[in-house]
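Once you scroll down, you'll see the structures, which are given as structure tokens.
Below, chain A partners chain B and then partners chain C, in two separate complexes.
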Partner chain A sequence: MTTAADDFLDLSDIQGIVVKAYSRFGFPVARYVLFRIDLPAHGRKFVVGITPMITTGVRWTDPASIPSAATNIAFTYKGLKHLDVLDASLHGFSDEFSMGMKARRDIVGDTGPNHPRHWDPVWHNESETGQHVHILVTIDGKGETEVEARYRQILALLVECPGVVQLSGQRGGGSDDLPYQPAAAIPPKPEEAGFPGGKEHFGYSDGISTTFFKGCGADPMEVIGEDKPVKGDPRTLEGWAPVAAGELIFGYPDEAFEYPEAPGPPLFSRNGTYLVYRKLHENTGSFESYLEAEGARFPGGKEALAAKFAGRWRNGAPLATFPTQESADRYIAELSALQLKVWAGQASPAEQARYQELALQLVALDYGDDKDGARCPFGAHTRRVNPRSALRFGNKKAFADDPGALSNRRRVLRRGLPYGRSETPARDDGDHGIVIMIVNADLSRQFEFVQQQWITFGNDFKLANDQDPLPGNHGTSKNCRAGGRMII
Partner chain B sequence: MANQSGNAYALALLCPVRAGAPPAGFDGQCQESYAAHLRYVLQSVRVSGDSPMARVPNTYLSRFFLLDDVFYQGSPALEEHLKSSYLVFCCNFHGELEPYLTGMWKTIESEVRLILNHCVGFSDQTVRDAAAFIAYIKKCEIKTTFYFNGSTDQPLAEQLKGLYLKQEFSKFAFENQGRSAREIQEAFGEFIKGTEPENTARPAWKPGVYDLDKVVAK
Partner chain C sequence: MSNIAGKAYAMNVITPLKWLTTLRTRLIFWGAGKLPSTTLGLVTLSLIHYARWVILRPKDFPHLGPEQPKEDLQYCYMLFFSNFNGSWDQYVDSFSSTIPTGLDSFWYKNIKYTNSIPMLPFHRYITWNQIWTDNYYNAYPMASTNDVKSAQKVRQNLIDFARSTANATPDDFQRQYNKLLLSLQHDLSQMGLNPVVSLSASAVDRRLGKERRGVS
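Then we have the complex of A and B:
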């Protein structure tokens, strides 16, 4: 028997999409494909057929073990029912899962312009005989060719299982009827070429921080700033501890020292989790014109305003650490240049050390020295969705032994990529946004809570009913201008 | 000895399953783990009278399962984990360990290999004969005091014959209620002729079968 081992997770039985942010492994292209099961036996045959293709969480230490494309699979509640999963197991799923996201729309803020009636056609017509989304297959690849090849391999399985139907009806490229959702990382600007992360359509560097959990196998240094804050200095290893694996995966103890609630028998759910799939359109035209108009009146200009929205400058530098654009630009320029050298294997030991130091600054912060929100506003997107120690509001006595007491059980994993192309000049009505997938073990306590309380409400940040300036649902007025507000 | 009670032997094994997964499956990815594959193998082992263990002489009862990890009881208990998954094999049989294992090797070597090849230290190269198999099993054996309560410590054939006779005699008693002594005596003669109490080989219950309608081997 061993204790506190780092390798207790059964990574070969956990899907790769849970453990790995694929974009960090050079997989910038993806397709998300949806299926319906008409015949349970064919559904099961399809699952058996696709199983060897499924990418697991096993570490990619040897470059030869990295596949050309990664495949992962998820099921809706109805999908599991159509696979003839036993009722006794189905009853073990949470209401949030069995009801589906449409039925939870008021809780997650999918009202007004975000109402399910505006979702892609594939989600409509859910009568008994109509389209039901049962299976999601994700394909992430090194390039379009690799993704296309894997897509063909998966579709070939359908020949033997005509009772499984690929669902078209995803919106994109001027069509309402795409057979799959394409997605791709937006490359960084040339001057940020070495920055470890892509852009999204509002121009922000994205995918910077990911939740570090026990046993995930990432570099132990990545624990800093990526998980739960503890008593020590947030700039060092002493300031952070990994989140319990049970917050994110069934079958392991969670932050309450219990196994997360999951359907039985244990073998059915162990190493599984809940995955939320959301396609979020971005109103790039409104966003840019708002930044232009308001930025002209805002100290520091539009970039400073954009940074206040996100809690990070659009180049990725955290506002709490780099309060001026000049300091942020200088920091990212140095980090990006060093990153390129590190990738090329040309960094000297001194440069390596400097690179490590700079890379840490991307995430090694807990808002302890910005308790009034003077640098990073309380309502900024990243401070809302991952408050770190911010919910102590600077009171060191509050949760003294556990600075993240109010946020540790709200952590989720973020996966997904941007989709579509944003026009220049920016317009709202194009096909562009992000597909975000949220992974967590408790939909209600984690995803829905963050979405409801921290994104579409503001009380926890002493901001009444202010919403998150970016993914918040600000509604639309007649001229399609959002009606939100934010205190900076 | 803890593992022996009279002529009954309780064998309990914890065989560590190989860590990780075989390399180079689909598209260069790792294949499913040794443990996951072993689970499929165990689930596909036929049961009851078709079980390979039914062919191993003198087996009272046996079961395999895969132990992934130990359960955590919650705070304030320490969170502990096993160093690997384990194949757990529990078996009660008549007689001594080595002759029993030799019998197992002779009758179901291929099935044993199919299962134990997933375990640390067991391969076609390291275990070539019954002696090496016995040595391997002894390394994985743990002490136990748990016995299958439904069995005596007699040889299996005698127990199966005894169970058969008991079943048939109950039937005989039911069928001959209210008949005259002479009729009963005649019927009993037929009963003895049909059931051959001295012949342990047959008719008797079949090893491994627990369905009463299918249990009798004529």
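Then we have the complex of A and C:
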């Protein structure tokens, strides 16, 4: 049984990174810092010291309440062990967490070029403890100066606790030994200047969709297209319902009316969750040259091909709603122009209304009228990772009361930013990609499932072993070209 | 011994139920057979090869000879047997998410049945009553049911195409070929190995592979 109290989230005890996509609050710069704990007492002292800096999920109701930088913290299993967390609690963690991602490589498809041996050096030099990365601290900020200031503040804590060591060995900027992972949003193109969200290195607008869950504190209108499809029209509030908070945070009921499995005592795990940290290099050179070559033969050209890969045009317009480049371009141009006016406070009431209408179209979509994948292919990235009600394959009567029955329990939150620069996208080497952080309450049912069954496999979409065209593991052949197949 | 062969997983679950309950359950089975819409959700789950429910009375259990001790069975039993693609969790969760009421009416008052939601007690119920597979053979280890269905469709369409274009002009051939491709676009994906759905199953595979190659 769930009660109204269960829908009320204790936002002051939940970390900000769980509830807020920071880039939406004007934080385009980040640093991800890793630490090892050599002395448990020092580890605990460090945690106590950093606690006042931790940003919570409490709503930022007016712009003045937004801090200049946000700090969040996460621990590996070994990290918690090195803090002397009791065995009884440690035993309550799932195998996926206690084993760590390297040991799960066969499950998540980290093989071939993605094998852990190719990861940044910081993940290599392991002592006999198996995992020597113990703590992740994320710093997001309004600018480089704000992030640097917070970074210094955190490092100052180490003076008092020499038993905590900052780990270098992150790759970037020509070095293999950076003391932290820098990341920064890539601004939209000038003609999309008002577009809400940044770019990633393949040129797609990213950070558009989020997952709306009970109690998350976002504007209730945002539930549209962001969550569980229900029976109504997907373009309206009647078409969507928020997902249960327990899918994403410990201590609240989930979609099966249960509290997610979490270590005891409740005070230890409640309001916590699992966070997956992945640094994904993007082969921008191969991607662009493939688009050029194949796009020349593809009706609609390379932009249409890129759109078929992602399920969105590179300018962000969803393919299911805007099937032609012309309609997509027109839509984004109008949306961006209105967005700029809204930001400047110069929009008339009519323009405001039009803006709301257009902004909604960015996310208010399901695949009901595209059941054959004629617009957005079954294998497109966004249709795979969040199929909404598409797994009914057009059979409207199947799971009629719960159209998203096969996808509602696979929802995750996406956090993170692009890293590096790709001024010469003609090359694969160099330092550019995305740091993606996935938040969920059940690693196996949510992240690992999506990563394995929906990204590196295709059976749920009746696509045999075809993989996701973007983050799928397409291996490399002798001439260093990736393999794989996608049918459009 | 493994429940997994290639892309397929074999699931046997045997659960006790009282004799009187079987009367109701038989009625439900009969009704579901007559009214296909009750199992529509199930049919849409493309990961399932088939699922079968059978009621066994105590006297249905084989007694192979006098040397086999006689069993004193108190209950009737429901045998659930299914082959599917994917992992145990994926399968069990797909069932409870898509046809929770159907499951609850099939298992209804079987002894200690927990209902299909919440999930954890249901998982425990299935695990407790699952019988492990001793021998399992798969003729097409790289194929899921979807793959087999697609292959059949491609084959039939190609045969028909070859027949209908035998005397076609090049232009007509091209036109029909394009049409064929369009109609088969959901059936031309690439088949390969099953992803590693369980680390213990993959450890067994590796061990067996080594044994076959004579490596210890």
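In the analysis below, the second predicted complex is superposed on the first by the 477 of 488 C-alpha atoms of A that agree within 3 Å, B and C clash if a C-alpha of one lies under 4 Å from a C-alpha of the other, contacts with A are read in each partner's own complex, and residues count from 1 in each chain.
Quick note on the criterion: a contact is a pair of C-beta atoms (placed from the backbone, for glycine too) under 8 Å apart; a residue touches a chain by one contact, two chains touch by 3 or more.
For clarity, every value in this text was computed on a predicted model and none was experimentally measured.
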item	value
Fit or clash between chain C and chain B when superposed on chain A	fit
Contacts of A:106 with chain B and chain C, given as first, second, both or neither	second
Contacts of A:449 with chain B and chain C, given as first, second, both or neither	second
Touching partner for A:159 - first (chain B), second (chain C), both, neither	neither
Angle at chain A between chain B and chain C, C-alpha centres, nearest 10 degrees	90
Which superposed partner A:257 touches (first chain B, second chain C, both, neither)	both
When both partners are placed on the shared chain, which of chain B and chain C touches more of chain A	C
Which of chain B and chain C A:270 touches, first, second, both or neither	first
Partner chain(s) touched by A:350 [first = chain B, second = chain C, both, neither]	neither
Partner chain(s) touched by A:402 [first = chain B, second = chain C, both, neither]	second
Touched partner set for A:64, first chain B, second chain C, both or neither	first
Chain C versus chain B - closest C-alpha approach in the superposed model, Å	7
Those residues of chain A which chain B touches in one complex and chain C touches in the other	257-258
Footprint of chain B on chain A - complex, ascending	1-5, 8, 10, 12-13, 51-53, 55-56, 58, 64-69, 150, 253, 257-259, 270
Residue numbers on chain B that touch chain A, as the complex places them	20-21, 23-33, 35-36, 68-70, 72, 74-75, 78-83
Chain C-touching residues of chain A, taken from the complex the two chains share	104, 106-107, 109, 256-258, 261, 372-373, 378, 392-393, 395, 397-399, 402, 405-406, 408-409, 444-445, 449, 452-453, 456-460, 462-466, 484-485, 487-488
Sites on chain C touched by chain A in the complex	7, 37, 40-41, 43-47, 85-86, 89-90, 93-94, 96-99, 117-120, 144, 146-147, 150, 185-186, 188-193, 195-197, 199, 202
